[in-house]
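Have a look at this one before I ask anything.
Naming follows writing order (A, B, C and D), and every chain is counted from residue 1.
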Amino acid sequence: MVENVDLDAVLADIHTQASSFIGLGKVADYIPALARVSDQKFGIAIVACDGREASIGDAHERFSIQSISKVFTLMMAIRLRGLNLWHRVGREPSGNAFNSLVQLEAEHGIPRNPFINAGAHISTDCVVAGHSDPKQAILTEMRNLSGNPDLQFDAEVAASEAEHGNWNAAIANFLKAHNNLEGEVETVLDAYFHQCAIAMSCMDLARAGSFLANRGVDVASGRRIATPRKTKRINALMATCGLYDAVGSFAFHVGVPAKSGVGGGILAIVPGEMSVVVWSPGLDAKGNSFVGVKALEMLMTKIGKSIY
Amino acid sequence: MVENVDLDAVLADIHTQASSFIGLGKVADYIPALARVSDQKFGIAIVACDGREASIGDAHERFSIQSISKVFTLMMAIRLRGLNLWHRVGREPSGNAFNSLVQLEAEHGIPRNPFINAGAHISTDCVVAGHSDPKQAILTEMRNLSGNPDLQFDAEVAASEAEHGNWNAAIANFLKAHNNLEGEVETVLDAYFHQCAIAMSCMDLARAGSFLANRGVDVASGRRIATPRKTKRINALMATCGLYDAVGSFAFHVGVPAKSGVGGGILAIVPGEMSVVVWSPGLDAKGNSFVGVKALEMLMTKIGKSIY
Amino acid sequence: MVENVDLDAVLADIHTQASSFIGLGKVADYIPALARVSDQKFGIAIVACDGREASIGDAHERFSIQSISKVFTLMMAIRLRGLNLWHRVGREPSGNAFNSLVQLEAEHGIPRNPFINAGAHISTDCVVAGHSDPKQAILTEMRNLSGNPDLQFDAEVAASEAEHGNWNAAIANFLKAHNNLEGEVETVLDAYFHQCAIAMSCMDLARAGSFLANRGVDVASGRRIATPRKTKRINALMATCGLYDAVGSFAFHVGVPAKSGVGGGILAIVPGEMSVVVWSPGLDAKGNSFVGVKALEMLMTKIGKSIY
Amino acid sequence: MVENVDLDAVLADIHTQASSFIGLGKVADYIPALARVSDQKFGIAIVACDGREASIGDAHERFSIQSISKVFTLMMAIRLRGLNLWHRVGREPSGNAFNSLVQLEAEHGIPRNPFINAGAHISTDCVVAGHSDPKQAILTEMRNLSGNPDLQFDAEVAASEAEHGNWNAAIANFLKAHNNLEGEVETVLDAYFHQCAIAMSCMDLARAGSFLANRGVDVASGRRIATPRKTKRINALMATCGLYDAVGSFAFHVGVPAKSGVGGGILAIVPGEMSVVVWSPGLDAKGNSFVGVKALEMLMTKIGKSIY
């Protein structure tokens, strides 16, 4: 256990060191609302399973969670569908870019895993089918998990995603053409663009993900969110599929399950120990936060908690 | 720690249960020497980090280790080349069949990882370049790690692999065409076919792999084989790339780093706890031991040691 | 010249022989309006450059021209854009299925040629940009070329195409995501589905395509439709890209430029001699009219007019 | 017929104009023996079906025919195997680079057509199976067809091809792994490298290919080489598959069947009229002679003999 670690001291140390990498990444610019975020932002938040919290830098500033949302809609989809979900989406790393249609075509409309865009459309489709107001259901879920009732969709980001959403529209139509989308393309896309556009801080996300580190139990409330088995399985999927086409390199250098988003956030899980969220908007060539990956590598080296 | 677990009792339990799956897999038949192995064979061996050993069934009968050898030649290649190795081979899961040339062509002769065939040719090429008698060097390594000086190549298997080795010859020539093979194609293939043809028992392999569970220190001898960092990294690669195109599903169901071979063996590592080797020749659709995967899933459920 | 050939006698002969293949193909069933067409239908019409016309069987019954429309919208796009068109679409055979997204992704949104679906979207997009009422413009073009002012869209087919149009919607969105679509996705798709849904007879189509056989001059009216150079180039594209993934086999067995549609029609051009249209709804494994290909092979053998 | 055309005048005109493109292409440099050929070389030779011959520039200097040889070994394979050949190799354009393994893997070891490298290995394999001395058989065939008993293999080129032949060795091993190669890999490769290394002049090649223009009858000797039907079919394959990934563009701009080689030669057939061979070593981005393509385009424009 990391109970003897002074989390504030560790974060201070890492924040100083990792700050030297600020400016080396490139802020996502496919929509204006993301492009204008400063690449100088850098925050880290930790929620330990023993209840301690620690944070540094811009850990309380909200950012667009983007693909990190896929972890939570996957959990909602598993809750709604159980094992039947896996008839519609695989559990293997893709070996291709996160939005590739090649694999999807070769495999007849079954996405490789729930963390590539095509697979996330499946999760969202399940949420759409299972809730009368799917967008509100996702927002409520994130409010409950984070304990923050003020969470909102960033309406500008959601609108901008939709406006520049042709690639995702191609994917959703392709799934529909293969009979692997129940809902209307427009409805699923609308929910998808909104879940990506939720604005949360590092601390919000670390709290929301704490159950993944704590065998399924939310750390702050003690509420059971998922069984230990389902929790492990979501972590396993993050470890093998969570970082686009850098999952092997991340396992090699950092060594814990994680999910990243193009907003520059990364949610990392140290099973039995803590959830950690870093945020810094500059991305590396694979689409993951440049500073974030470095900070997580330093953290795992310091606390010796690679899972491998 | 698993120190309070009665390993013999656990193995007895698992062996009984998993035996019900015998006969559901299909023995590899691409060469006669493998095809004639009985699909009734089933053994398990454990080497715990506290020094205890346990085994059951056919755990002391030798089988062809096949691709499990890739873990050990990778370690030899890392020892010889250090980080330079990673200019020649990637660290990402392939999302394709283990012997696919598609990805290799798309990525200009850089194999995705050291556990697909193309990547293993790179490791072997490093061993060929670094040793005057590379085949003997590999055999010596395996004898030292297993503590068994009687290990031998199965000459019939090696000859049969070479005779039916056109697919691997295609891969090796392709690497050479992309200037990513230093040695002669024939020399590298010969070493490669021999490393795959080493005959070892479950117990031999569990001992040979014990250093991976024990932060780099061989359990029996206390000898340091690799640094803790390198050990973790090899485990991370096994966790993300070790089971062909079933790595995500294996993480989901079993949850530990592992490497399988078409001979029906699987080497699994529970970091800090134990190395486990199962052997049963019938393979599932992805090329992994059908009974072996089931047995490992039962074991991890029983001892609660998924890394996730 | 075929001036000494008795066209009626030749057609009678071919129609009798080729009728033995009726029933061997499979009528397209992806939309109900196509699925219900009888597979017993079989017509042939010829317009010779010397002005003679001949027909047999169901040559005056209208059918859905489907992809044959791509030839005419390509001509309209060339007229509107000239050589600039070729920055947006290639001129090479695809080596893939007609609706594949793989090549499109690998080549960054530039379709291989104007006769695969993605490429036809580009032609249609040009027509959309160049005409205030693009659907009417296409219909007017076909009425003028065929000399038949009664041509209409089949409204049921157009609606059904739209309803089952997710694959084409995926393609159009994908083009838009690559900045290779000027118009709105919905507008282009609507025009595309309508052009495919024009109902024409063999004779209508043979007249409409007669300028391609006659160095750019409409046979009936003597009106110049395209320059000889542009005419040759459209024929060259039909010869290398016009029959989906059967273009080489068709060249081998028949040996003239042609364009087929899933409605069972094929427009074939014998340069300097005649345009020929066959219609029989049963399709072979590559999506071309089974009886139609056979009839054209017999015709070219009889009149000795393979271009090779 | 071109009988009224002054071939010498036409060639003089074209040679002057096309010479302005000399230096814009890039000489093949994958083997030293090709790399050292001057990019200033430029010759054209014509053999008309009426028996006239014309030539200009370096039309009598020998060069390495390379892939042009594939036309002639295909003809030998057809002679040996007839229609059975087409169970082992397709007749469709590849939509991929000439030496791609991607399509070959996707299509289980059946090459797309006889003019990509994999397909040419099939033709050569048939020749190997059908002749006790296959290399001598190929050389004898070329001597007979060209009427030049002095033709030889360029031993240096053949040796150099073998030395740098890993890509072809990968292909041949891959075919063997798919049971689509009868002969030994080494034997087939040796014959293949030799056929590519035959040294011939433009005039030699134009004479050798004259039967393809003349409905199967060698122009000089009047000897029948192939039936009219087989002749047309080889021409059809050249038209749809003969210029690597530029076959559509070549049809569009030039409009006749042709086969190119990386030595800078192109054999073009004007059915019923003439065979033409151009040679200039500088290649365009697709691997075809830059000056050669331009010269052929000028020639077809001048004599108005596009087949389309």
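Quick note on the criterion: a residue touches a chain if its C-beta (ideal position, glycine included) is under 8 Å from a C-beta of that chain, and two chains touch if they have at least 3 such contacts.
The structure displayed is predicted, hence computed values, not measured ones.
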{"item": "Reference subunit A; chain at largest CA-centroid distance", "value": "D"}
{"item": "Gap in Å, rounded to a whole number, between the CA centres of subunit D and subunit B", "value": "48"}
{"item": "For subunit A paired with subunit B, centre-to-centre distance based on mean C-alpha positions, whole Å", "value": "32"}
{"item": "Subunit A and subunit D, separation of their C-alpha mean positions in angstrom", "value": "55"}
{"item": "Sequence positions of subunit A contacting 2 or more other chains", "value": "none"}
{"item": "Chain contact graph, described as a line, ring, star, complete graph or other shape", "value": "ring"}
{"item": "All pairs of touching chains, each written as two labels joined by a dash", "value": "A-B, A-C, B-D, C-D"}
{"item": "For the subunit D and subunit C complex, residues of the former touching the latter", "value": "90-96, 103, 112-113, 232-233, 235-237, 239-241, 245-249, 251-252, 255, 257, 271, 306-308"}
{"item": "For the subunit C and subunit A complex, residues of the former touching the latter", "value": "100-102, 105-106, 166-167, 169-171, 173-174, 176-177, 185"}
